[in-house]
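Chain lettering (A, B, C and D) follows the sequence in which the chains are written, and residue indices restart at 1 in each chain.
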Amino acid sequence: MTATDFLALSPWLALTAAVLVVLLVVAIHRDHRTTTALAVIGLVASLLLVPLAAGSAPRTVTALFSIDGYALFFLVLVVLAALAVSVLAFGYCNGCEGRYEELYLLLLASTLGAAVLVASRHFASLLLGLELLSVALFALVAYPVHQKRPLEAGVKYFILAGVATAFLIFGMALVYAQLGALDFPAVAAQLTASALAGQPYLAAGVALIVAGLAFKLSLVPFHLWTPDVFEGAPAPITAFLATVSKGAVMVLLLRFLLGSGAHGSANTLTALALVGIVSMLVGNLLALMQRNLKRLLAYSSIAHMGYLLVPLTAGGEFAIETVAYYLAAYFIMTLGAFGAITIYSAPANAGELDDLEAYRGLFWQRPWLAGVFTAMLLALAGMPLTAGFVAKFYLFTAGADARLWALLGALIIGSALGLFYYLRVVVVMAGTPRQQEAPPKSILAGNVTLAALTILLLALGLYPAPLLDLIRHTSLGVLP
Amino acid sequence: MAEIPLTHGLLLAVILFALGLLTVLARRNVVFILMGIEIMLNAAGLAFVLGGARWGAPDGQVLFILILAVAAAEVSVGLALVLQLHHRFGSVDVDAARQMRG
Amino acid sequence: MTLAWLIAIPLGGAVLAWLAGGFAGPWPRLIALAALALDLALALSLCWNHPLSLALPGNDSWLMRLDLPWIPRFGISLLLAVDGLSLILVLLTLVLGLVSVAASWTEIRARVGFFHFNLLATLAGVIGVFLALDLFLFFFFWEVMLIPMYFLIGIWGHENRVYSTLKFFIFTQASGLLMLLSIVALALVHQRQSGVLSFSYFDLLGTSLAPDSALLLMLGFFLAFAVKLPMVPFHTWLPDAHTDAPSAGSVILAGVLLKSGAYGLLRFITPLFPEAAAQFTPVVMALAVIGILYGGLVAFAQSDFKRLVAYTSISHMGFVLLGVFAWNELALQGVVVQIIAHGLSTGALFIIAGALQERLHTRELARMGGGIWSLAPRLSAVGLFFALASLGLPGLANFIGEFLVLAGAYQTSAGVTAVAAAGLVVAAIYALWLVQQAFHGVAPQGLALADLDAREMTVLGVMIGLVVWLGVNPQPVLNLAAPALDGLQQLANI
Amino acid sequence: MIYDALWLVPLLPLIGFVCLTLLGGWLSRRAMAVLGVGSVALATALAFTIGYTFLTRPPATGHCTEVIGSWLAVGNLHVRFGLYLDALALVMMLVVTGVGLLIHLYSATFMAADSGYRRYFAYLNLFVASMLMLVLADNLLLLYLGWEMVGLCSYLLIGHDYADPVNGRAARKAFVVTRIGDAALLVGLLLLLAHWGTLQIQPLLGLAAQGWANGSALATVAAALLLTGAVGKSAQLPLQVWLPDAMAGPTPVSALIHAATMVTAGVYLIARLHTLFELAPAVQHAVAALGALTLLLASCSALLQRDIKRILAYSTISQIGYMFLALGVGAYAAALFHLMTHACFKAVLFLSAGVVINALDEEHDIYHMGGLGRQLPGTSLAFLTGAASLAALPLVSAGFYSKGLILAQTWNAPGMGVWLWTGGILGTLLTAIYIFRAFFVAFLGRPKSHARCGATAAEAVALVVLAALSVTAGFVEIPAGLGGGVQAFTGLVASALPPGPQPAHTGNLPALLELIASLTAVAGVLTAYYFFRYRPPAATAAGAHPITAAVGRLWQSGWGFDWAYERLFVRPLVMFTRANRHDAVDALFTGIAAGSRALHRGLSRTQTGRVRWYAAGIACGSFILIALMVLP
């Protein structure tokens, strides 16, 4: 490792340092504010170091990491998401009983895991990142252990993630046994369509890796855990789960599939397309009449991950851009939606407000919150003015460019179904309130976060050109 | 010592993996499920070792050790959750925890 | 920049109206009126300032154009342009906008600021649709105008508003996505041919396509427009949406939103896909005629005033569809007049339905009991007038539209036109049935009903004036539209 | 030139309409009457001035054109607000304004008690304006405008008393049935437009005459479509069903619209476009046949009506049948002549019937009347003159001359002239019987009710003038057979219409035919006298036989057309629409929605909340993926 390597790795190192610092400080002095501040500082520091790292990108640091523009882009995305979640969590926990300091520790660790994933170029770093992400998440999901639902969610997530990880690792082992390589470039070099056709163990290995990652992405049929865990986890953590965890894994899947010859195999494409179609349809159908908002968003996230399989199946430079933009938009929309639920629920002493009925008339009681939530839902539905629209447009372009008509058909049907349940929520919020509620506690930090997210949402929807340029710049050279 | 064909080893790993999976699917006790997961992870580890042996590289063994460490971390968090589960639900039966569905 | 202002003024008015909702008094209404009046003046000034190009057919039919870069990655720009056709539609939009603000003066009492925000935002979106000539931008406005409309129906609507507004939204959105797909595919085909990715209407016009793919792409566009128009069998969202929308919502929906479908058909289908459209014409003309008759017959059976009028819209839009696909000068001019005429006459009928509902708290014709004429002669006379306009009485605007459409369609297909003419009989049946049920007969004992007041009379009087004016002197409109329609026809003749 | 003021003729009543509509709230009833009658009076004065000028100093070409402005111009299609005055239009204009004015005057007091006084005059003014537009239009689209507007006024005035749903139903029936014809007419217009590129009547006729061979398919179709329009408006078979019901309107309205003017628009249309009909001999034969058939069927029906207005309504249908008959054999001038005399005598019949009905408190049944001759002598006399004219009593009635002309020319028509003539003669007999039946039953004999009041001064003026015209209007045209040889009317319209069929041979035949016609009419009156005055039981006895009773019921119901149409068209339509009230198409989409919800419920069951089931999902998914990847 040279100094340049350290420079390139500096955002990651900053995160690591933040984990350690928070760990120490919590051990010495328990204070919610201090911990939050430290976490935020750590995240911001990591962000500030990104330009520095960008100077030396693209660069392969050890055998494990590849620091390129794409990785840095997603690092920023992940860290920003973590930042938003931290701020939201602060408002959510502040005033609750119990100790919440470790939450930030786990959050930072999890973020680090995701950050490792987006830059990994080796099965070892993949495993390391994934486990760092997951193990911290088990604890995060079940953090309010005195409540039954988070605990149940934690146990479920833990068991199922364990099983999925086992599949993933077994897949990696099979691939290794066949190819003898662990780093992606070497694997990619040997992993061709003909190799896949000729070696069933190799094909099975790839299938298992995809399955393991698909679990994290909650693609059908690996999606069953999603609603339960989303519902049980505290709202800010659900936001984290829905964005950071999925985004990082999606990037990994993209690198693994598009970087290698696996994408050239008809079997792989069929499998991807099939999973994508089924995910879009099943996810949206499951959400259709759902009355629990967190479950609803869980199902919607299944569908959205299904949408992302359109560019993944399409492949090519354009798909990489699409994934980047879509994920950025998806991060904003999902964080915003869960953020609204978080703020509406806070302080969440007596459980969260995630039943649809609790939102009746929200428009007239808390117009700002309802407005933000509406904007986020409309964005998820792909309506114009928001980033969701441009994202959907990207999907269409990627799909049409590759002539994936079946996938696009499912996308259209899925979107139409999606409209129904997103708009149903909006309608309920615009209904007549049942009773007058006590004036809510205003949570400044949370509201600032929501405001920032809304501005970003609209800005990316109305003038996406700068981000598109950035993405285009960063996604150069991702593919070999 | 006669070379054992890779396929035989991998088959063993697959069987081991299937056993672990069946444990997860069949047992209701969380602790057993945890053990099932461990078996599955170890089956993967075995496959790595086999791969390392085939290619004559240390990577496989290194990965196996990594898996062990990871599994340990996972299990530690898992056991903590099991404790809490027992505490809240008064049982280590996973099916007791199914409030959320639909 | 004038074009951008055309969109920005209602939008700004919308925000101001929303903000003004917090103060007591009629501020949101006044702001809305002022913004629309200002915009109308601006649009009229466009008519005034370009008399030369209007007078000369064969001249470039575009009066004004604005082109700003927006998303260079996809060759998308903020391309706005106006020709006679768009200008007519913008004027119609603004007039009906003013009308609907005035019509909801007493009907809407809750959340007045937000109501006017949505109203103006819808109008801004629609104007955007009429002006946008970048297909992406067009689609952007196409979708964005739905959101405030969704709120208009969903918040201030009647009994079944949630169902209706969702249905409306999903129908239009789902079909809109097909159009998006077609737009994207068309742009990509164009990119393969020319190497440049562009969504500009002007760039995409000459794209040559294989017959099969042209037909598919055209269908994507067509379905979106057909749903919006609406064409049988994709019409079933309309009666529900109309029935449950507040008066202003119905006016905008019938008068303007449906027209965006007609506009789309005119502007895009045949110019972009001339051969495919020609190939598809028999099917569409058959569907149009079915729509004319079916809409009329179903209207006849309705017992709900607004639902009845909604079905008449379907019938009238059948004429528009017929005219568009007949694709000759007579028919196209007929379509333009029919668009305006239908907007005015149906809009007025919805205002009357709203006025009745405000007074009687029902839209059921049976429960109105008839006999309103003896209690509210002015209201009834106005109702009669617009029912007559709706059945295509010569001397009123609708007749000009229907006659020209039929005259044009006759040149394409005499048989279809003959069947379409039967729609005139059906129109008589439903329109007179409406008059009979609502206004004639004996009023129930003890029913008290206020006649139209000065505000309502002014609004409806203006609409009556316009309908008569167009009926006896449609020439200004025809002249304004002629160069644009001429241009469209030339495009399709490539 | 006075012709330049032609446009004021339709405009004045229109101004009356607009003023009544807009200023209505501020006007006294007297002012309304003044405005309503005055506007028509001015128009009439102007029309007659123009008429006088036309007679004394006719335009060089026999017609003049007055263009007010352009209506619409699209591509090759130019339609203008143009008026065209020739002898045909002049006659129509004079009839419309003259009769119109008298009926307005009559209405001023007749409708005095009506609450919808202003509405009534407004509509009546609008009607006169539209009718004038119809007859003066120089292009077919403007004619169509007038055509539809008079239909509208007819609708509005039939349903004038809107409180009674029966009136509303009659009004709608009238409008919808005529609109069936109107739609055909419009298609005909489109056909002409598509082929000749213009709707200007005169150029169009010129082009068609040159371009279409005699009997060509297109000409036939075009003429047939126009005929359908005419048939609807003029209540001829098979669209005659609306007219008897239209009597639900006020009596002056029946007189003006449903007897004198609007219903004759079909006659005018065919006369105006006779060139086209001559190009389609098949259609022209159909016109004659329809006319003959209609006149017979309607006379039979009139024979058995008890409602005095329905008798007159069937009589109108029958008399227009005569006009169609004349048109069909090419006797355009004769048709127009009969149109003119019919307008006078039918108006006087209706108006005197109106006085009677008013006097007897809305009594319509002639068998509840009787002996009115002594109670209302003036009115009875007016009715008698009208009846005589309708029955074509020789020499002293206008109807004698006009009907005689028709019959004479029908005889001369080549082909089936004799048969048509026989029909016409039979019709004459029936006509005389039914109208004198009404007269004998209602006006002679024992009084059965007390007449409340007589005609007012305004009503009397109208009655006197029209009665006088019913006697004298025929003197402008005295057939050669009677030695007069006055041909003022045919001479006048000769500039616009071709002469009718000329006798193949001269001699005594024309005089003989006149004699037969005269004797038939007299025989009819005597028959009526015998059955309904001299020995009424004979009529009862004749009607008692089962067969005659059945025939009587059939005739009485207007040959069962209503019955059949109700079952063939109205009920199926209503049933279909009622059944489809909730729009069957929507089931498709609600079905999709229901299907989605069902899928949602099904899929929701997979979310059991059991961890091991979820793990099984992962395992299955993995196996499927492996299968997909490994299998070729």
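Keep this in mind: a residue touches a chain if its C-beta (ideal position, glycine included) is under 8 Å from a C-beta of that chain, and two chains touch if they have at least 3 such contacts.
Every value quoted in this text rests on a predicted model; they were computed, and no experiment measured them.
The central chain here, found by comparing per-chain C-alpha centres with the mean of all protein C-alpha atoms, is C.
Interface comparison, A-B against A-D: more C-beta pairs in contact at A-B.
Chain centres here are C-alpha means, and the one lying farthest from chain A is D.
With centres set at the average Cα position, the gap from chain A to chain B is 26 Å.
Put simply, the C-alpha centre of chain B and that of chain C have 64 angstrom between them. Spacing of chain A relative to chain D, judged by their CA centroids, is 78 angstrom.
Distance from the chain B centre to the chain D centre is 96 Å, each centre being the mean of its Cα atoms. Multi-chain contact residues of chain B, defined as those touching 2 or more other chains: 21, 24, 33, 94, 97-102.
Residue positions of chain A touching 2 or more other chains: 155-156, 159, 163, 167, 227-228. Counting partner chains per residue, chain D has residues 604, 607, 609, 611, 615, 619 touching two or more of them. A complete list of chain pairs in contact reads A-B, A-C, A-D, B-D, C-D. Residues 364, 378, 383-385, 389-390, 392-393, 396-397, 400-401, 408, 411-413, 415-416, 419-420, 423-424, 426-427, 430, 463-465, 468-469, 472 of chain A are the ones touching chain C in the complex.
On chain A, the positions that touch chain B within their shared complex are 123-124, 127-128, 131, 134-135, 138-139, 142, 145-146, 148-149, 151-156, 158-159, 162-163, 165-167, 169-170, 172-174, 176-178, 180, 182, 201, 227-228, 231-232, 290, 292, 295. Within the complex, the chain C residues that touch chain D are 167, 171, 232-233, 235-237, 239, 297-298, 300-303, 329-330, 333, 371, 373-374, 381, 388, 393-395, 399-400, 403-404, 406-407, 410-411, 414, 417-418, 421-422, 424-425, 428-429, 432-433, 436, 439-442, 472-475, 478, 482.
Chain A meets chain D in the complex at residues 155-156, 159-160, 163-164, 167, 196-197, 200, 203-204, 206-208, 210-211, 214-215, 220-225, 227-228, 265, 267-268, 270-271, 274-275, 282, 285-286, 288-289, 417. Looking at the complex, you find that chain B touches chain D at residues 21, 24-26, 28, 33, 94-95, 97-102.
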